[in-house]
Each structure stands twice: as C-alpha cells, then as structure tokens.
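Order as written gives the chain letters A, B, C and D; numbering starts at 1 within each chain.
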Amino acid sequence: MNVMDTRATSAMLYLDGVHVSFDGFHAINNLSLTLAPGEMRAIIGPNGAGKTTMMDIITGKTRPDQGTVLFDGTVDLTRLDETRIAELGIGRKFQKPTVFESQTVQDNLLLALNVDHSVRGTLFWRGSKAESERIDKVLETIRLTDARNRLAGSLSHGQKQWLEIGMLLAQDPKVLLVDEPVAGMTDVETHLTAELLKQINKNHTIMVVEHDMTFVRELGVKVTCLHEGSVLAEGSIDQVSSNERVVEVYLGR
Amino acid sequence: MLTQLTHAITTMTRRRALAATAGLVLGLAASSPFSPALAADDTIKVGILHSLSGTMAISETTLKDTILFLIDEQNKKGGVLGKKLEAVVVDPASNWPLFAEKARELITKDKVAVVFGCWTSVSRKSVLPVFKELNNILFYPVQYEGEESERNVFYTGAAPNQQAIPAVDYLMKEEKVKRWVLAGTDYVYPRTTNKILEAYLKSKGVAQDDIMINYTPFGHSDWQTIVADIKKFGSAGKKTAVVSTINGDANVPFYKELGNQGIKATDIPVVAFSVGEEELAGLDTKPLVGHLAAWNYFESIKTPANEKFIKEWQAYTKNPKRTTNDPMEAHYIGFNMWVKAVEKVKSTDPDKVIDALPGIEAPNLTGGVSKMLPNHHITKPVFIGEIKADGQFDVVWKTPGLVPGDAWSKELEGSKDLIGDWVGKKCGNWNTKTNKCGGQGS
Amino acid sequence: MFANCLDRLRALLLSVLLLSCFALPALAGPFEDSVAKFANDEFSDTEAAIGEVASSGNPLASPIISALQDGRLSADPDSKKVFITKTDGSIIDAATGAAVDKLPDNAAAVRLNNRLRRTVEAALGGLTLLSPDPAKRLAAAQSVFKSHEESLLPTVDNALAKETVKSIKQAFAEARAAIILFKSDATDSDKLDAIAVVKSRGDQEALALLSDLGTDQPPLVAKAAASAISSIQSNLAMWSMVQNAWYGLSLGSVLLLAAIGLAITFGVMGVINMAHGEMVMLGAYTTFVVQEVIRARYPGLFDYSLLIAVPLAFVVAGAVGVVIERTIIRFLYGRPLETLLATWGLSLVLQQAVRTLFGPTNREVGNPSWMSGAFDLGQITITYNRLWILCFTLAVFAILLAMLRYTALGLEMRAVTQNRRMAASMGIATSRVDALTFGLGSGIAGIAGVALSQIDNVSPNLGQSYIIDSFMVVVFGGVGNLWGTLVGAFTLGIANKFLEPVAGAVLGKIAILVLIILFIQKRPRGLFALKGRAVEA
Amino acid sequence: MTPHILTRSLDRAAATFILVVATLGVLIPLSNLLLPQGSALHVPTYLVALWGKYVCYAILALSIDLIWGYCGILSLGHGAFFALGGYAMGMYLMRQIGSRGVYGNPVLPDFMVFLNWSKLPWYWYGFDHFAFAALMVLLVPGLLAFCFGWLAFRSRVTGVYLSIITQAMTYALLLAFFRNDFGFGGNNGLTDFKDILGFNVQAEGTRCALFLLSCLALIIAFMMCRAVVSSKLGKVLIAVRDAESRTRFLGYRVESYKLFVFTLSACMAGVAGALYVPQVGIINPSEFAPGNSIEAVIWVAVGGRGTLVGAALGAVVVNYAKTFFTSGPLAPYWLFMLGALFILVTLLLPKGIVGTFNSWRENQRSTGIAADEASAAREDGVRAPKMAE
C-alpha cells in the first residue's frame, strides 16, 4: 500500500482499478496506469480497447463505476466535471479534429487562452498585448501564422489537427491528452507532428493515443497497450510490439 | 427597461422632447370621432370578420358564407338606399390580436359601414376597443355569457336568460331533474353561464351536493374519466341531467364517449348550448337520440320563412345538404335589422344607425318578429330540441312568446342592479340602485 | 306561476290516469280509441295511449310499442289512423292489424321525448318479460329493475319460475328484489332478503336503487340498506382504481398510436416532422371517404369500412410521405431543425388543403357495429372502440417491430440509420430507403388516423391536437427507441388518468407536462436512452 | 455596459439598421400626427399600431436569434416569455382602469367581479405602480428562464430534447393561463385597457409614442445583442454552438454562458411582450400557444439565422406577408402562401434573406475561398449524421 501511495502522490496522472460499463458492456476493466510528471506516453490498442473511454474518464466526461483517478497526486478527478478538470490543467485533443469552424484561426486560439473564463470576464474582455503575443507564438509553433485570419473550417485536415494542438498549447495545461493526432495526415505532416509533440513535451506531460506505429516509434517513448479495457503490455515500442499477446490481439485470434 | 425608456424620452434632446410633446398634444387633438367617408362611393361596404383558418374556422366559415348570401339576396332586391352592398372579407385566422388588427383595417382602410363578425367572446373583447374608438357597428351573432352592453355592438345571439335558464326550467319541469352536472370548457362563457345556473338552481332549492361542476380544457378529447364520473354522479338515485357548455371541438369525442359508455338520454339527458346542426353533422347521432339542445332556432322548425331561407341558402351554396343553424339565423335577423335601420335614417352613418336600431323589428325564421332592445340585445323565442337520428332536432318545448335578452344577469352579485339602456339613459351599465351610469360606483 | 300549477295538475292527472290504466285494464276504452290518440301529436296523449295500449292485453300492444320505440309507428293526423311499419318493410294498421299498401302522404312518425321514452321502456319491460327472445327478457328484467313497477310483481314471479337461463334468472331475481324493496306492504324480512340480492349485484344501479329507498323505512331495513350502500361503495372505490388503470391504458394506446409514426420519422430518421399530425389527419379523412363511398354504393359493407380504410390510409399517407421526402426532406438531412421549419410550413399547407377540399367543419365517421357500445367487466365499463384501439395499437406496434427486425427493408433501414456511408458502400440504395422509411412512418400515422377517427373529430385541426403529445411521448421514451415510445406512451397515459380524478383534467395535464420537464432533467435523453460514446459522435 | 463594448459592436450594417429604425420611429409618428389625412404621405393610425406590432415582434425575433443563431439553443417556447412580459404589462393596464370598468369596482378587474371574486389575489398586488410592473416585465420572464435554464443546462439537456421541453413549458403555461381559477382572466385574457401612465392608450399621440418607444427598445435590444455577440462572450457562444464539448474542455463553464444568454433573451422577449400589449389592446393565453413560438423561430429562419438584422427583418417580412395575405381575395388561401414561404425559404435560402445576401456579397467581393465552407459549417448547432454524398 505504501509503495502505491508514493506512486500516487508523485504521479501526474494516476489511475487504479477503474471500471466502466455501458449497458453491460465492460468498456474499462480494472485499468491501472500511472503517468509521471514530464513524461510522454503513447497508448496503443485495437479498436474498442477503451482508449477514448479512458480519456473520457480522465477529463470528467464519463464517470467510472469504481476505481481511483488522481491528478497531480491529490486531486480526485472522478468528482469533478469537464470544466473544472480543464481549469486544473488537463487539456484534450479529440479523435476527430474539433475546432470552431466558423471562427478564425486566431479566434480559436484566443478562446483557448487560459485567461478569465467567466461570463463577466468574457463580456467585458479587452485584448491585451500579452495575449496577442502568446497567440503569435503559438501560431508560429503550429505553422499557421499565414492562416491566422482564415476560418478554421477552411483549413486542411492536417492543419485542423495542428490548430487543435495549438489550442492545447494556448490553454497551457499541465497534462495534454492527445487522441490520434496524425490520423489522415501525410507522411510529412506526421513527421512534423511528432516533432511538434516532442517539442511540447519539454515542458508538458503528454499522453498520446495513436494507431500509427511509425509515428509511435518516432516519438520514442514508453508505450502502453490496452486491450478490452485493461493494460495488456507496457514498455518500449520494441518490447511491446514483440509481446506475443499484443501481436495476437492486433492480428486477431 | 421601460422606466429607463420613458425616462430617456423625457431627457431626450430638447428638440425631440418638443416633438414628442407636440406629438402627444396633436394626438389628443386628432382623436376626434372619425366617420367613414362613404358618400363618394357608389357601393356600401359591409365587413365580414370571421375566421376562415385556424381552430375557429370550423364554426365561423359558415357565417361568412351566410353574410355573403344575405348580401347577395339584398342586392337582388336592389341593394340598400339604391346602392349595391359590397362585402369585404378578411381572415382573422382565429388569432385574437389579429381580430383587432383586421377590425381596424376594415373600418379605416376599407371604410365599411358595418361589420358582421366574431364568434368567441375573446375575439369580441379584442375588437371592442377598436369599434368604440373608431365608432363603427359590430353585429355579434353567437350566444354568449352576457354581462356586456356596448354602444357599438349589437348582440343578436342569445343572452344566458334566452338559452340556459329556459333549458334548466324545462328539465326541472318535464324531466323532473333533481341533480345537475354543469360541464363546460374552461372559458368565460361556460364559467359565467354555470355561475348563473348555479345561483338559479340554488334559488330553486337544489342543494350544493346535487350540483357537480366540471371544467375541461379546449379541444379535450379523452372523456373517459369525466363520463364515468357523470355516470357515478347520476347513480345517486335522483334524476340527473347534464348541462353542457362544452365548446365545439370537444363535443364530438364527448358524445362519442357518452354513446359508447351507454349513457342514454332516458337515463341522463344532456342539454347542450353549443351543439347545433353543424356540430351534429360530424357525428353518428343514433346513440344520441333524445339528448337535448337549447337554441333560438332549429333547422327543423317548420315555418314558411324558414323553408324559404333553407331553400335559397342551399341553392346559393349549391349544396342540397348544407345545414343551417342558430348563429346563422342571428346574422339573418341582424342583417335585416341593419338594412331596416339604414333605410329608416337614409344614411349609413354609424351614429345615426346606432340610434335608429333600438326598436327596429325584423322577422326571425321561426315565425315571430324579433325586436332590437335598448340594451342592444334582441327578443328571441327559446326552443328545446331533442336530437333525432337524422342529425336534426325535434322541438319538444318552446317559450310561449319571445324572451327579451338581458345584458346583465339578475343572478350574479356584481350585475343584479345593472341594466343597459342606450335609448333613454345612453348608458350600457346603468345602476338602478344608485341611478348612476358606470356600474356599482364606489 | 299559473303555468306551473297547470303543469302540476296535468302531471297529477296523467299519473292518476297511468296508474288506473295499469291497475284497471277493464276500464280502458276500446283499443281503437286508445291507438288513435297517437295521432294527436301531443306528448300527453301519446303518454296516455302508451298506458292504455300496454294494459289492453291486445296482441298488437307489444308490436305497437316496439314500433313506437324504434320510430316505426306513424300516424295520419287527419284520419287519426296509426300505422306500424314492420321491420321487413310491410305496413299494417295499428288498430286492426290489417295490412296496408302504403303510408298516407301526410303520415308522420309519432314523436317521443325522453319522458315518453322511459314510459315506453317501462311498458315494454312489462310486455316482454315473457318474450321467447332471451335478450329481450334480459332487457325487460333490467328495465323492471330500474322502474320497480309494483304491478309487475306477479309477471316477474311467473317469469322467474319459468326462466331456465341462469343469468336471466338472476336478473329476474334482482328485478323482483327491486320491486319488493319499494313495495309498501312488504315485510321487513322480505325487504332484508331483497337488500341482500341487490347488494350482491353491487353496481352503480344497485347503489342508485338503494340510495333512492328514502329514509322512511323501518330501522332494521334502513340499517341494512345503509350497510349495503357502504359495502357497494367501497367495492366500487376499489373498482375505480381498476377503471383508472384501464382508462390509462386506453389513453396510452391513443398516445402510442399517434406517436408511433413519429417515433420512426423523428426517432429513427431525425426529421422533426411537424406535419406528422397532418398525416394522421389524412388517414382520418381517408376513412371518411371510404365510408362515404360505402354509404353511397355498398351499404352492406359498412361494418368492414375500417378494415378497408386501414390499408388505404396507409397507402395514402405513405404515398404523401414519400412525395414529401423526395421533394422536401431529402434536401434537409443533417439539418434537423430546418426540417422542423419546412414541415411546419407543410402542415399549414396540408391543413388548408383539406379545409378547402372537405370544408372546415367536422366530417362524420361512423362507428361500425363492432366498434360501438360497451360491456361490463366486473364493475367497470369497457367500451369496444377503446378496446379495439388498444388491440390495434399493440398489433401495429408488433408488426412494425417484426418488420424492422425480420424483413430486408427493416434491415436496410437500420443499416442506413446506423451508418449511412457504410450502408451505401454495401450497395444499399440509401435514398430509396430514406423515402421508404419516411413513407412507412407517415403510413403508420395514416393508420393511426383511421383509429382516431373513431373517437375524435375528423376536422382539419385533428392533427394539431396530437402533435405536441406525440413529441412528448417520443422524447419522454427516448428518441430512436420504439420500446421507449411504447413505455412512454403507457406511462404518460396511466399517470394522466390517475392524476385526473385528483387534480382535474386541466391541472392533471399541466402536472404531466411539468413532470416531463423535470424528468428530462434527470434523464436528458429520455427513458430508454442509448448510452456510451456512439451517442455523442 | 462600458462604452468600448458598444463602439466595438457597431459595424456599418448595424449602424445602417439603427439609423433606419430610428428614422422610421420618428417619421411614422410625425407623418401620422402632422400630415393631413388626405396627404399621400400620411400614415393612418391603424398602420402605426400595425408597425408597432411588427417592431415588437422584431424584438422577440432578436431575442430568439441571440440564443438560437449564436448559441444553438432552439427554444420552441419563447412565446411564453413574450406573453409573460405582456401579462405583466396587461396587469398594470388592468389596474389603471380603476373604477371605469363596467361594474365600476375600483379594485377588482371586471372578470373577477363577474366570477364573484371577493378580493384581489396577492399576485396582483403592486401592479398598480408602473415601476413595479416594469420591473416584473423583466423579472418574471427572466426568473422563469433562469430557473428553467438552470435545471436544463446543468443537466445538459440539448438539441431537440431542449426544444421539446421548452415547448412543454409554454404548453403548460398555456393550459394554466386558460384556467379561470388562475386569476388572469382565462381565455378572454386582459383587455379593454384605458390608459397608460395617464395617457389614453387609444389616442393617436399615445400610439405614436408607444411606437417610438418600441423602435427605441428595438434599437437598444439590437445594440445589446451586438455588444454581446461582438464581445469575446459572443465568440464563446458561437464556440458553444459549433462544438459544445470542445468549449467545455477548454475550461469554459458552458451552462453559465447558456444560462446568461437564455435569461437575457427571455428578458428581451418580456419587454417585447410588454410593448406589444398596449398596442394591440389584448393579452390572452393563446400567446402561449406552441404554434406562436414556432412561428417566431420561423421569422428568424426566414430573415437569416445568426444575423441580427436578418432576425428583425424576418419578423417584419413574415408578419407583413401575413397582414397582406389575410385580407382581400387571397384571404382563403393565405395559409398556402405562408406554408409555401416557409418551405421555399428553408429549401432555397437556407441562410435566410440576410444570410444569403451576405454570402452573395462576400462572393462578389473576394474570391471567396472560405465563405461557402464556413457558412456551410455554420448551418446548425445540432448536427445529425451527415448524408452520404
């Protein structure tokens, strides 16, 4: 127990014995996972392994039936809602790129900035120099400076993915949950995305869910393979991909 | 917000404030009575203000056709004052504010000399201020709750004392009814009528326990519970009757349920004030034989005038099955009274016509002559009819003479001292106790 | 005042006359004179005539009075001759029984009012107690139970002794008890027995009879009557719960029927179909047209009119639905709120179209004989039309479920609604499936119209009165779930009917609406919501 | 409201709109009052009242557009807030009648006298003061919207579910106000008003003043809406409309935003209702009818959802069409026209009149790379599964 406790308190994210079921279907089954501060972790797993549901649990969208979910060692995430969790510093990128399509790229980032998010604050908001500098910086990082006044809906698929990552950056969370960032991207874009994540990882903790093994390999970080809602294997990409059970699961029995 | 706005007006720039003040002054100055400029036209325009769409179209469309028919007949006789009558039809679409808007349009834009229209009380209440303001004439053809006598309105439908009370009297005497269910749709006509009847029944010695009052929403369609309650109430060993002020649309499912639950007229008769030939046309009447209705007119009444009217009406509408009903007769009487009044004063000027109308007599379709009273209601005979298997009514009782309509009900506390008299007193709510115009006074 | 006195006097005279007629048949005048009174067209004369004829013992009495009841008795006011038109159409002179070729021109049916109808019923009761027709005997016994006419006691005793059918024997026993209960010279013990018999009958009429007994009874009898009354009342109170439940089921079935089509167009396809009510209306008008044609051409088929109307209504409403889908809805997929606007406009157009075509007034749709009337189950009355509608609704629901589950079209529909792209790539003609699905939903709404025409107005406003309730049911049950619609409809129906006696019809309905609003807070996606990730996608 | 919000919110279209409304607001009354009746430019009083009604409807349309066009909340019960505001004003006007009612009772309105009410129900207290009534005009709809929204948004009732329960709300109120026992005059509603703040409601001057006030209210409502939608709050609202859970994951408390605009919008609707009642002269439960609320939504759709000018324009256009079609030889067929208008607008002008005009102009002005895609994406807050191409 003692060992667990130190693991829990020192971890950025700590999941233990989590269960979720939908109408009798066990989406998450006794899932335990720990993410250390500053770590980048890749999560792989076949369809239906519970990757997205896990993210839903961490971000407060889905409540687990049982189990512990701790953030920063102390905060119990199962009791909080999405907004509160986002305020604490957990940002999330969706599987399907979700940006505000009818607003400009710049406004998308403006909305993501972690400034006063109250109704009053936004009603009487006035732009500040610091804010626009932050936006400029993010735009540069995600290579969308030229597109700043375009509507987000008119961006290419890859650009939308980046914009969403950019929004995470503007939000400046402690932990980034990134769901399939390179789905539908060209090889070049995939490579650039990997670079981008590595760069972000310098001062953020990241959890990436991805199918693309080349990409995962390129990230070069610890990999966790989920299957049927629980951890099947954990280790480096080579260790995991040589695991017989993982191969079996991916190829089908 | 509003306070701010009004405040804003007063603190506007000086010029605007000046304009606004000027506007108000001008407005007050300009609100002098306004009479339609008719002399120049070679036709006399008659406004028809009946809903042709929406929920009330079901009842009102026929009345529009009736006035068109009457105008057509009148024009065949050479019109009025040597001019042809011209109908102006608008559709207030069963929307009460729209009634007011359309009334205003008819009077100011189309410059009609008279308006025939409205069915529901609320539509009449809605147009009332307009008729008062613009000083025009409205003929209102539907039985209503009374408690009104306005200078600009002529009520050709029945007041409660011309329908409800005679019907109850009949049931008491002929059917020996001792126990009463007053069932109605929850709006003003049933509420008031039931208040009047309740007071009347109590004055006749009926105990509170023997009166059951029930209200249902408009268009109520599931009558199972209420019909069962009526059945239960009726099984207390005393002869029971239902006095129904249920409004048009809800009647069909009500009677269907009555018929199916086997409540026969011989067990618990239902006397209705809003069910006429038109409503029965949508029903299989065989299970309803013997249930009653009280009206001032029935299509089945055999008089030469009525037979002629029905024949011409059916020829006009090119429909040999087209029924007639009580509000149609009311329009018939009202229209003829208006024509007579106009011919009497040789003018369509509303002020003159309004003054001429009380005392005008016009034959009704049931063999009598109705007269416009000083309270702007008319005298009418009251008939009690039993539903026959063919959807018509068989008159089983009628008042010996014509009953004058009371604008104010004697049974209600608030109005027992009031009378309407637009001839002598020039007042719609004259208090006979205090001898003053204007209700009870303070 | 004077009229009142006169009226009373007349009533008194009449009752004396009536009593004397029953009591002293020998004093009645010649039969012909009595019959001739029918021709006077005065209710009082007719009443007298009924009494005299009924007590005459003449074999024509029963036919005359039956004919009077059915409106087959006509009279010529000039010649004072009275005629019976027999059920087979032949005509006889009522006074002599001689056959007549045809009715005189000015002969008119003898008129009745309610009071006379009761007199007729009572008279017929006495005359048909010994009828060979068991149904007539039963009816006679019932009417004697109500009238408890003392003079009939010997006849009832006689009939009771002869009766072999158990249920009718019971009815005679009850009729006899009713007479004894009101017989002034009956002994206390007889009366107590009678009370026991009446008590065992236990229905509203028994209650009415006992309540009517009055207070001037011997204490023992009064006490027994009071206890019988309270026992019947508590029995009835229990039955009223059952009755509420039945009414709730019945209302629920109407709601379900109205909503079931919407559960497809709205629930499955996501089209907020405000014109759904108008599809119901089209079904009702189809029924009207079918009945009109049948009335005009094939009157014998009237009882089958609904059976003919059901497929026709399905086809008519379904076809209109397909046309709507092809011309309007298909351009609006993915924009559910805009379907709301377009279909609202459509509903206005359809309403006005029907108003122009059929006129604004209600149209008569008759109940076939098997849809009319009621039967008693214990102490509750179950009307046939409600019962049939319940059965019909459940049948439609079952067929629909089976169709979705087992037919190729059903499979395609589910495939298309679950994953359109995938379905299309598998070779399913999605646009055809869309059209058919919408047509199916509309067709079912049309069928609902056939059933609703039996209990509601057939007018252009018909659809409007069901549209809101239908949406409530579908949303309450959970969009996209047919079972949810079923449970939702019955829950709302039953809740409504249990609230109604307590709160009244209006407040009951308001309470239901508030409950729905609160319920949706608790379960934002209805009773049977789909869970999991798929919902949010 | 701080000035920078207002100045920021005024672009050219908005300025034009305000100018047009202001001009109408001044010119129509002036022409009615100053020009002689025969003059070609004279606006008859009935038209003043009619346009006053349109202006009130325009405010209602604005309030709907604010929540539907910008925040994706489709309320099918906004007529309820309009009617509640109307009733609050109607109650004030009823109390002003005083002893001039037909029964001459100084306290009780006529309908209470003839239904034998012995004293004024408590909820009628205070309505003899204009200030109190004016407060209630804002407070009652606002409070109802706040409570309703608090429940609904907190439990994340969205999309059609929300639409249907707003409909249930207005339907329940309809039934409640129909009840005579409720003390608001039942089906007959409140009518036969005499004067407002001492001025005769029927006098032309008062009508003109009311018209001017309505125009002023429309301008203020418009500027408020502009201020809201052009602030950062407006961007958040659009974000909520387009991707609600994204907004939530960015750390916005979505329900607070929804609650804020919903309540604001209900207050606006209430004001519209309050101005409407003295001009049409009656308030009756049928204003609560779900059909009315749906129709109001349609005005917004016709004019152009998500464009404030469009909402106001839509209200005027549809109602003008209704006025036009319900008279004269077309009267029996007007529902065909209205229905067809709704169908055609949704099919052919999915962005409404102003929306279509805007994107046409944008196409003209630029090469328009983004416009189409963007406005296509703007289509709907509640997206259902897309059709396969």
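Please note the rule applied: contacts are C-beta pairs under 8 Å (C-beta built on N, C-alpha and C of every residue); 3 or more make two chains touch, one makes a residue touch a chain.
These numbers come from a predicted model, not from an experiment.
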For this session: Find the most central chain, measuring centrality by the gap between its CA centroid and the centroid of all protein CA atoms shown.
Result: D
For this session: Go through A-D and C-D and name the pair with more C-beta contacts between its chains.
Result: C-D
Seminar exercise, completed: Cα centre of chain A to Cα centre of chain C, whole Å, reads 64
Exercise. Once you find the CA centre of chain C and the CA centre of chain D, what distance in Å lies between them?
Worked result: 44
Seminar exercise, completed: CA centroids of chain A and chain B: separation to the nearest Å works out as 72
Exercise. Which chain A residues reach two or more other chains?
Worked result: none
For this session: Specify, in ascending order, the residues of chain C that touch 2 or more different other chains.
Result: 351-352, 464, 506, 509
Exercise. By residue number and range, which residues of chain B touch two or more other chains?
Worked result: 52-53, 186, 215, 217
Seminar exercise, completed: In the complex, chain D touches chain B at residues 26, 29-30, 33-34, 44-46, 49-50, 53, 99-106, 110-111, 113-116, 130-131, 134, 137-138, 175, 178-180, 186-189, 191-193, 197, 199-200, 202-209, 212-213, 216-217, 220, 267, 271, 274-275, 280-282, 284, 286, 323, 326-328, 331-332, 334-335
For this session: Would you mind writing out the residues of chain A in touch with chain D in their complex?
Result: 59, 61, 82-83, 86-87, 91-92, 94, 98-103, 107, 110-112, 114, 117-119, 122-126, 150-151, 153-154, 167, 171
Problem set entry | Parts of chain C lying in touch with chain B, wherever the complex brings them together | 3-4, 7, 43, 71, 111-115, 117-118, 121, 204-205, 207-213, 236, 243-244, 247, 250-251, 254, 351-352, 355, 359-364, 366-367, 372-374, 381, 383-386, 454-461, 464-465, 496-497, 500-501, 504-506, 509
Problem set entry | Contacting residues of chain B [partner chain D, same complex] | 1-3, 5-6, 8-9, 19-20, 22-28, 30-31, 52-53, 89-93, 95-98, 100-102, 104-105, 108-109, 120-122, 125-126, 128-130, 132-133, 147-148, 186-188, 191-192, 195, 215, 217-218, 412-415, 418, 428-429, 431, 438-442
For this session: Quick one: which bits of chain D touch chain C in the complex? Just the residue numbers, please.
Result: 74, 148, 151-152, 154-161, 163-165, 167-169, 171-172, 175-176, 178-179, 245, 290-291, 294-295, 297-298, 301, 332-333, 335-336, 338-343, 345-347, 350, 379-380, 382-388
